[in-house]
Each structure stands twice: as structure tokens, then as C-alpha cells.
Amino acid sequence: MSTVQNEFFKKPKKGAVLHAEGGIHKAILDFLRKSLEKKCFDALFIPVKVHDTDSYVWVLLKDKSLLNEANPLPPVISVQGGRALSTLTKHGEMNLQIAAIMRPCEIRAVIELFKLKQVSLNNITLISIDCPGAMPLSDYISNPKEMAKRFNNLFETWEENESLRPICIICHRFSLSSLLPSISRQSASVELEGIDSPASDIHIGLVGGNGEKIFLMPVSSKGEEILEKLEIATEDSLEDWEIKEKELRDKKENKRKKILQELKAKIEGPKKFVAVFDQCINCHNCMRVCPICYCRQCYFDSKTLRLSPEVYLTRAKERKSLRFPLDTLLFHLGRMSHMVLSCVSCGVCEDACPMNIPIAQVFCIVADQVQKSFGYVPGRDRREPPPLRFFQEDEFQEVEMQYKKTISREETQNA
Amino acid sequence: MSKKIGVYICECGPNIRDRINIDEILENLSSIEDIKVVKKYPLLCSNEGKKFLADEIKNEELTHLVIAACSPKEHEITFMNVCEKAGLNPYLFQLVNIREQCAWIISNKEEATRMATKYIRAGINRVLLHKPLQKKELECNPNVLIIGGGIAGIEASLSLASPERKVYLVEKTSVLGGKVRKLSGLLPHQGMDLTFLQKKIKEVENNENIVVLTSSEVENVRGFFGNFEIVIKSNRNDLEQKEIKVGAIIVATGFSLFDPKETPQYGYGTIENVVNALEFEEMIASDKILLKNGKPPKTVALIHCVGRKEKGYCSKVCCLYSLKFAQFLKDKLSDVNVFEFYSDLCLPHKSDQDYFEEVKKKGVNFIKANEIQIKKSNSNINIEYKTITEKKGSLSVDMVVLSPAIIPAENTEKLAKILNIPLDETGFFKEIHEKLDPVSTPIEGIYIAGCASGPKNILESVIQSQAACGKILSCLIPGKKLEPEVRVSEIVEEFCTGCQTCLSVCFYSAISFDEFKGVSVVNEAICRGCGNCVGSCPSGAIRLKHFTYPQLYREVLEALR
Amino acid sequence: MNKEYNPKIIGFLCNWCAYTGADLAGVSRLNVPSSLKAVRVMCSGRVNPLFVLKAFLGGADGVIIMGCHPGDCHYQKGNYYARRRFVLLQKVFETLGLDFERLALSWVSASEGPRFARVTTEFSEKIKKLGPNPAKEEIFL
Amino acid sequence: MPKVLKIKKGVEEGINDFLKFLLESGKVKGIFTLKKTNENGAVSYSLITHLDELKKAVPLFPLMPVNAGKVLSAFTLLEATKDTVAAVLRPCEIRSFIELVKRFQGSMENFLLISLTCGGVFPLKSAVNGEVKKLLPIYWESIKKGNISSNIRPTCQTCEHFIPYQADMTIAIVEKKNTDKECNIFLNTDKGENFAKEAPGDIVFEEMDTNEITELKNKRKTQKKKLYEELGIEKLEFKTLIKIFSACLSCHACSHACPICYCTLCDFESKIFEYKPSSYNMELNQKGGIRVPPGTLFFHIGRMVHMGVSCVGCGMCSDVCPVNIPVSMIFSMVGDSLQKMFEYLPGKDIEESIPFGTFKTEEFAEIGE
């Protein structure tokens, strides 16, 4: 089956370049405030700092004064935006127009959940931002001020920085390109009429702005309407951003190849793989924070897996000893098989792991392979169905066992 | 199908009309979606009102009904019946109380109107979450088990037995008649004749609808009102067991006598010629009032209240039968001296006072005394006592008759466990209410009669067994089906973790544990719908129909608006 | 505290005693604070502590559970459990420094209309003194 | 005077000998105990059935990868084990197992419960970077001195229930100075005695050194006060609560690591507590903003209400919290006051019924009057 095409369509050629004297955060917030005042939206969905703490939480806000503590791009991903938006909308939309501003990986999670009917986007406008990455949650918690400082420096240089989360260092989907449908959508089952189905409606480019300007660009027709309503002319050239974005992406993709190779070597083969997870305590945090793991009750937590003491003892006797809690590896591999096609490599699982298992990186390696072979990029396209929802008759024949001939030979012999 | 709610506000004559601005409410409500009609009506509980409602339900094709009127205590049932007749499930209806708890308590009209609106909104939002509940009908078994073949049990058997109602009369001794059979006779002023008991026992034995099981005891009881399954064990041999099915149970296990040996100061069992009341009754019955040495007694002391202090209650009947004894002695034996040692006289019935005077006239001495000590003194018995005026006295007699307290029959505790009904602090069976509901127990279909619930005389015992029968005859009608409560608890199996907390908090043992599935199970026929199990379940695995979490929480939310 | 402030109080009333008592208060035209919003439950034992907690965090200024006097429970013993669960929640509140005075439990029999009026009025006054529940404004709950 | 099995070896070696004896003699079919999983000091509970594997056993290793009470419950959830199994648990782990058994989530039948006078354990994190290996010597030093070892989990530093309640055997550690010379195993029950028969070492009669214990108890009491102040939880209030739980991700890791939270599906994760659009609307209109996911405080307080009376303060919740909320300290604080009120010590006595399943008519009489 053909591999993913890297061309994208409908990438906006023009947009609005806003100057950010007070820093990019202020610029973005001003834009959002304006959109509230102009009644483009009734409410915003955005991370807000909890008063006199350093913690960021998702807040759905109407009251503009709350924007003062808001941060469209906080140093950490606390709750994954996809998970947050699904808790907000999974039981149907409110009678409100809501704008949600998120990192690309969060937007892509939203789209995956949308396909899985865990998010309703009817009244939601998705705004994506160029993402310089995020700081490891535990580092931030133990030293918020310092980590915040390091994070904010990133906006000028966009040089990758060792204090970033490993998964962010190798992230090549930090910008709009990962949020646009590819021309050859690998779906036989959906008709392509009016293929205006990018992941986000409006994108905010930061790369190439050196922290002095932001690039505001409509992506979907909905986005266009909103910018019009806001009387924001989208006539400026986006070249600076485009060039820098491409440059950065290529750089990151190379880096990614290199690092993943090394990583692969570290985990390949059953022994090594087991070693990676041998510290797992089965707390299932990774699954609980994962935006794609939306099940109320995870199969691997259900009591259906319980066996009688005798069985355990015999199992123990066979291998001289039996580790408890049981089936840690089964859990990780099982979870992988459930969600890896939709894994957006947001890294929250790694952040949440009390044993610092590089789980996001491991999943990233696998996701890369699997998603490639299906030509699927999770969350780039609202209409692209999850690969396991459809099939093509002529695909993957290479995996079929070639037994016909051998049998026929035997048959001839018998004859 | 889309929801069509009808909201009707009752003016309740002037009661609501004058104190709440109904039109304003109608105004506010009309905007709410799902609402088909909002109307007011002068008096909904009137016949015209009920007809009006029925027509509305039909004509407007209402799927849900909200009535804002008086307290559900007043007319919930009334309106539920209207719904049923009009073909709307009565549980898709909510009665909002804007009279007692709104109009009548808030003097300021605006305030009251605001409040009423809130309540009605809550009602509307709640009714949207209601589920139609189906009435259940249970076949019921009209037969009755009566435990105890004393006078109470016999009386009950006779009043209940009929061609369509079998009665099982279980008696642990080998004969019917209980304690009464041991008596020499009734109280003289009530007509001595005891043959009525023999007559009744005959009747019982001849009644083909009464199955008498003597020398038997109840071993196990399963089930609930209308459908009890009983295991009866013969106490002649353990292997002999019998399974019967009944719809109701009467506990008429009677009483035992306090053992005077527990109060050694009376010398019972250690001193010759100190006897207890029942022994003396037998003497009278056999007409042999004699001392151990075969001579008739010259001086007899009758001692009341033996064990009253220990037990803490008055046994009610002793005073009168002691008077009876005194009269007997006086009548049968010439020149006998009789002394009654009492601490308080209990003469409850109207004719008792005269009887007391009459006995007194016969020259019986009454001594109000306490701290009685009975000692052996050579050939005689010496009684030392203290009068209420703290005067020490002593008296030498040759016979002493003790009136021991009436105490619960043995095995009362065991039976209480088997039946799952409570005992009171004195150890007798506990009535739901001593005065207002004296023969019912917390378990529907199980009733108490006679001394099982405390000391009573024959009259009271008979009255009680007739009362118990009344209860049964009125609700356990042959051929009629039972309608158990439908607003009961149900287990959501996938959430149940099997910790069995609910079992421990249910007083009706309506919940059992399914070992195979590993989850709790509610027996809807027994459950009364109190919801205590729901309050106790940490897993949120129990749902109380019609009072579910979402329904109640909806009300709370509306209140916080 | 300005006079205007009329607290929001949730009352969980058991069907057999408290609710009837409340009705009686109405029948005898007693003054009951309009701050109280009654929610009828079959038995005080039905009131799961989470109800009360949810109401409190939902911004209720006060929550009061009312049931039959001990020993008079229509369902025998439900109110004893209600009491246990109540003290449990109250203790949690106390330990966490939340004003547990916003929670109350009171026994009112079917015949105690005046008592119902008195208890609710007193509670309402107490809540007024405490002022609005901080949870009302808090968005970071 | 209690019987003691005295083995003339360092306590760690001694206990391994004893376990070896149990397995060899066939007195038990398997042994639940901590086992090294890798070289940087990660350990995990294992059911060991073979002597080779027993060599890797580290029963006294000061880490709690998971609360073993939960493990034993999982092991015996369907039915009791028919073969006898020995389990080496810390006091709080036994207590949680007992609490679970009370709730029919497991069975104690055919278990030989071996416990120790507990010196506390290190935070799980310290196993990640192999830090724990450096800490070990310090740990045993301070235990010998009868001090609270620095760097152990705050919960452990403040734990006063370090003497096991229902163990058949108790390995004396905190109150014995000469742990590196001898291993003393107190035989608390007849069962314990039977299993100790023919064991290496000799049976003697000895009292546990109570002064040492009370001393340590007091030290931990004072430490508790200190830590409460440091964490600012000794005097909580609404605002501080918001602050403490501000970082919460509502990942509910705490409840899933908690041995007492045994529900198949947590009430707070069930559909019933999920906000519907109407609820969001209402709260948004009232406050102008609403945190998503909502109900953080509701979850935590609600959980306290559910399991507070049975909280054994094992500290797992804090260990697994990705944002370092002192969950365990707060919960055990609440737990303490609840347990005092109900005069209930979780896991002390299997016969004692859970406060929710019972009541006394005369209790709390002042309330409601």
C-alpha cells in the first residue's frame, strides 16, 4: 500500500501578521479577548494558571478577566487538551460557540476522539499554535520558575533544548503541516466532496517571528469567516513563517530519524523490551492520562482477567517464580494494540509515569511504523476514518501465507 | 418519541391563588422546551378536576405530567390513579408541593412566587428523568402458620381457618392449651369455668382446615409476606422434618415463669412448702392443698412480685391470681390464716376493685412489704420483712406461695433470629408500636399475639390474637394478588464489587449475595425502598427506582440556580 | 453581611417524619425561611454523603438532613446510619478546614411542625452569619 | 513471655535462611516477597516457588512497588488458596489486606503472614535512578540508632503503626540494635510457632523492647507535626485545599494505587458523575469560568468519605501522583480523625466490622437534637 504523501493542500498562502510588542503570549491573548468582545465566541477553552500557584488547568471561560491568568502555551502539558475537550463535550455540545486553543498534538488528539465520538465539534472552533515543545511535568513541578524561564527563551531561538521532554525534541509535527489532510486520503469508504476538513480552523504561527510577531492564518472556511468577522485582514505574506517552519521541520525529522534509530536499538528484542518495562508497577497512569484511552473501564483493569490461586501457583511453579502485579507487559502491549494507530505522541504518558519509563518514546517508535504502513497520520484530517474501520480488497496481500501452491503440489502428487 | 410535558397548577381554592402569583409562573414556564401545556385549575383534586386532568392527558397526548398543588402526602395517590386511568404511567408524574411548603409558609407573595417557580422547575426537570415503573403482582398463599398452641394460638387458629385458608398450628409441647390448661380456673369474678378451653381445643382438633403439629418447632423461615417457606422440625426426632408454605405468621409463643431460685431470699427449692404459683394452681385443681407432711396448711403467705426488681417490669396478672388463691384457701380450709405480701397492687379491670374488697372481707391480711427474707425455723417457715414505714416485722407460716414474674418463653431469641424480628429490652418480641400498632412486627406478614410480646391476661391475649387475625384477613385474601412496592432498590451488576456492605445495612434481609456472579441481588418483593443500601454503597452500584441519583441531584441543581 | 443576602439551603427531608412535619408547619401557617429548598427522600438513610458534598461544592450555603427521631425510623434503623454518615462527612469537613457548620442533621417527627420551623429558622440564621459559601465563586474546584 | 526464633546471622541473611527453610521443608508451597528486578534497585513482589529464585529475594528491601495487600487480594479474589503460602508484608500492607478481606475482596486462609517492625520505605522515585542503593547503608544505620531514616517517604516518617497487628511472625528490626548480628523472629501465633519448628536457629523467650518502640513512636509523632507544618496542612482551609489540589490531573492514580479503593469501577469515573452540557452551562453562567475536567475537589473529598475510615496510610497514593500532591499525608490525616471518632483502627482486627456496616443506637446522641 502506498505510503504517506508529504504534500498538503489548502495550506494558507496568506494570513495576518500581528506585532507582539508585549510578547507573543500577550498578542495571542489580545486576539482572543477581541474575539470574545466581538462575540465571535461565547467562551474560550484555554489553560489558566490557578491563582497563587504554578499549576495550569483547562478552563472554559466567559469572564474576560480570567484571561489575565490564561496562557495559550504553558510550559507543560498538564491535562492533555484532547482529554479535556472530550470531558467537556462528550455528552453533547452546549448552546455556546467555543474557541479552544491548543498545541498541535492536542488538536490531533481532539480529532481522533472526534472520530471515536468522544468529542463533539459542532460549536467548537479549534485554534492551533506552533509548539516549541513542553517541559517534563516533574521537572516543572519541582522548579516551576526556572523551567518557565527556560521555556520562554525557546520562542526566540526555536533551538531544541535539552531540558525539553525527549518526545518533544524529536517531534516533527509541531506546526500546521501535521494538521492538514493529505491529497491522497487512504480511504475508500468516505466520499471527498468539499474536502475542507483540516484538523484546526485557525492556526497561529510563531516560528520565524522571533518572538516579535505572530502569524495568524485561517485554515478552514469556518476560520476564514471568523477572521473576517473580526475584521482581521489576511493579506500579509507568511513567507517568513513558511520557510522557517519547513527548515525546522526538516531539521527535526533528521534528528528524529537518528534518535529513533538509537532508541530502537535500545529496546529491540524481547530481552531489551522486557528490561524497559521491568520497573513498571502497573499503576496504569499512562493509560489514565492518555487522551486516546477513553474507555471508562479499561479491559486490563477488569476482573475478567482474574484467575484462581491454583492457576497462579502452577504458573509460578513453571517459571520458579511469578511476578505480581501480573501481566504488566500484556497491559502495555495490549494497550498499544488498542490505541497505537491513533497515538499522537503527546508524551503525557511519560510525564505521568512514576517510574520514569520512556513509554512515550517506545510507543512513538511503534506508532511510527504502524501508522506509516497504513498511510495514516492520526488527527490530521477530520474525515479520514481510523484504519481499522475499513479495508481495501487488494491491500496487504504480502502478509498472506503462500500456501496454495504447496498444497496443490501435494494434490498433484496424490493424483 | 418527543417529550410532551403537561404542567398544571392548582389554585386550591384561595389557598394557593391568593398567596402565589400563578399567572406570572405560567408566563415563566411557557418558555421551557418539552412543555406542551401549562394551565391553572381551581381545584384539581375535585371530581371535575380529576376528569379535567384525565381529558388533558388524553387530548394533549402527554408523556409526562407535573402538578403543582398540595403535599404529596395529600393527593399523590389521587393523581397517580388519574394517570393510570388516563393511560399514563403513574411514575411519569411529579407532584410539586407549592402549598404546605411554599404558599402557606412564605407570607411575602413575590417571594412565595419565586419559590414556587423554583419548585416547579425542579419538578419539570425531575419528571424528565423519570422512568415508567410497572406494578408487579404476586400470587399469595392464604395459609397461616401459628407458632404456639396456647390460648392465643388456639383462638387465632379458629378465627382464621376456613375452606380456602389452611392453618398450621405448631406447638412445641405434646398438648395444646399452653399455660391456661395448668390453671385451676379463671378468676371467680370472671366466671370460674375453664371448660371453654377444652371446647376450643376440641374444635381445633376437629377442624379439618387446621393442621396441628405438636412436639414440633419452627426450624427455618424463608421468603416474605404472601410467600413464606417454613421448615418445621419434630422435637421427638431430628430427622422428622416438614416443609410448609404460608402467607403469614402469627407468633403466639406465650411466656415462661421466672425461676425463684434466682432470688434465694425466698428459699424456693431449698425450703419445704415454698411453692410457686403454677404448682399451687395444680394443688387447687387436684383439690389437694396439703403440706409435704400431708396436713393442710394453717398459715399461708402469698408473696407477690417475685423477680419484679430483677426483671424491671410488673407482670400484671399475679395480684389477681393471688387474690384468687386467698379466696380459695379461705373457702376450702376453715381456720386458715392468709397473708398477702405485696408491694403494689395491680387491679386494672373495672370489676377487679370490688373483687379485692370482697376477698379482703374474708379476713385476708394484706401487708405492703419489701426486703422479704424467708428462712426455715424448725418445723415452720419464718418470713422477715420490712414495711414501707421501714418497720421490721416477722411472721411464721407453714406454706409460702410465690408469684414469679412472667418472662419470655425459652427459645424466644432463637425464634427471633429465625424470623428476623426484633426483641425489646425485656427480651419479649417487640411490637412496631406498643400502643398504635401492638400486633405488627417490622417484617410484613409476621404478627405477635398474647404474652409473646409481654405479660397479658387471658382476655388481652384473646383480643390480641383476634387483632392479628384481623390484619391477616384484611390483606391476605385468598385469590387476591399482592402489589409489592415498586420504588425499590436494584443492583447494577457491572458496578457491584461484591463487598456486601449493602447486606449488612438492610433490615429486611431483602438483599442476598450471588456467589456465582459475585454480586448482590435485591429481592424486590421484600425490599421496602428505604434506600439505605444506596446510601451505603461506595461503588454507586445500587439504584433506588424513582429516587435515583440523577433525579434527586436534578432537584438539588435547580435549587441552587 | 447585608440584609439582602438570602442563603441557598438544601434540606433532605425523610418522607415519613420530617417531610410531614414540614407540611404540618405549613398547615399551622408557621414561618419557615424561604432559603430552604426541600428535597424529599424516603428515608434519611438514603442520603449518601456524596449528595451533601456535591450540593456544598455546587454552591449550597447550607445543607440540612432531617429524619425521624432515633428509634422512630419508618424503616427501623435508617436514621442511625444517616447519623453515622453525617458525622463522617462533618469530620472530614472539620479536618479539611471547611466550615462544617454549613452541614446539619436534625430529627423532626411528623407532629413537630413548630420544631421544624424553629430548626430551619435557626439554621438559616446561622448560615446568614457564616455568609456565602466560598465554593460559589471558585472556578478551580 | 513471647517466643522468638533467634538466628545467629544478620537479619537480612537470617530471614532469607528462614524463608529457604519454609520452602525446602515444604511447609509452604510458595512465598510472596520482594524480589530484585534489576540492578539499579528496582524490586517487585513475586510468588516464589523455587529455591534458585529465592536467592534474589529481598524481603526487607525498603521499597513498596505496590501495596501487597492489593496483590494478595488479587491473588485470592476468586477463592482462598488451597496450598499454604507465606507472605512477607509490611504492617500497613497486612492491614490493607485485612480491610479488603473484610469486604470480601480476598481470603486470609492458608496464608502464613510474616511481617516486620517497619522502618519505613523510600519513595518509588528513588528506585528509578538507582539512588536507593546509595541510601541503603544510611537506612540501616539510622534504624539501628532507632532514628527515622532520612529520605524515607513522609508518610513512613510519620507512621505510628509500624508494629504489625495480625502477623503470625514479626521480624524484629526497629527495636533491635544488633540487626547485623542476629535475626529475631517473634512468633505471635500458634500457627507461627508450628511453622518455626525445626527451623534454623533456636527458640528463646524474649520481650520486644518496648521503650525503643515508644521512643520511635514519639519521634514520629513530632515528625508528623513538623511535616504538617512544612506542607501547610496542619491548619487547612478552603483556599489552601484549592491550592494543594490545583496541580491535580484527575488521573485518579491515587485511587487506583490505593489498596482500599477496591471498586470495579470507581463511582467518580462512572457515567453518573460526568457533567452533562446543562451542568456546564449552569456553572459557567454562575462563575464565568469552570475548570475542566471538573470536580477535582469532589473526587478527593468524596474518596476520603468512601475510604477514609479504612485508610492505613500506606503512602502509595503519594508515590504514584505524577504532580507530587501530598495525597497520602492529607488522607491519613483525615483518616486518623475519622478512625478516632469511630474508635476503629483499620486492619487491626479481622473480627471488627467496618463502621459503615454497623451502628450503635446510643452513639452521637447529641447530634440532631
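Each chain gets a letter, A, B, C and D, in the order it is written, and its residues are counted from 1.
Heads up, the rule we're going with is that a residue touches a chain if its C-beta (ideal position, glycine included) is under 8 Å from a C-beta of that chain, and two chains touch if they have at least 3 such contacts.
This is a predicted model, so every value here is computed, not measured.
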(request) Mind naming the chain pair that shares the most C-beta pairs in contact? (result) A-D
(request) List the centre-to-centre spacing of subunit A and subunit D in whole Å, with centres computed as mean CA coordinates. (result) 37
(message) I'd like the Å distance between the centres of subunit A and subunit C, where a centre is the mean of that chain's Cα atoms.
(response) 47
(request) Report the inter-chain centroid distance for subunit A and subunit B in whole angstrom, where each centroid is the mean of the CA atoms. (result) 67
(message) Residues touching two or more other chains, restricted to subunit A: which are they?
(response) 50, 57, 59, 61, 66
(request) List, in ascending order, every residue of subunit B touching at least 2 other chains. (result) 505, 536, 549, 557, 560
(request) Pull out every residue in subunit C that's touching 2 or more other chains. (result) 49, 54, 59, 77, 81, 85, 139-140
(message) According to the definition already given, which pairs of chains are in contact?
(response) A-C, A-D, B-C, B-D, C-D
(message) Can you tell me which positions in subunit B touch subunit D when the two form their complex?
(response) 494-501, 504-505, 536, 538-540, 549-550, 557, 560-561
(request) In the complex, go through subunit D and note every residue touching subunit A. (result) 29-30, 32, 35, 37-38, 42, 44-50, 52-53, 65-66, 70-71, 74-83, 85, 124-125, 127-129, 242-243, 246-247, 249-253, 256-257, 264-265, 269-271, 274-277, 280-281, 284-285, 287-294, 319-324
(request) Could you please specify the touching residues of subunit B with respect to subunit C in the complex? (result) 71-73, 97, 99-108, 111-112, 114-115, 118-119, 122, 422, 442, 487, 505, 507, 528-532, 534-536, 544, 547, 549, 552-553, 555-557, 559-560
(message) Under the definition above, what is the set of subunit C residues touching subunit B in their complex?
(response) 8, 10, 19-20, 22-27, 29-32, 34, 37-43, 45-49, 51, 54-55, 58-60, 74-78, 81-82, 85, 117
(request) Spell out the part of subunit C that touches subunit D in their complex, as residue ranges. (result) 49-50, 53-54, 57, 59, 67, 69-71, 77, 80-81, 83-89, 91-92, 94-98, 105-107, 134-141
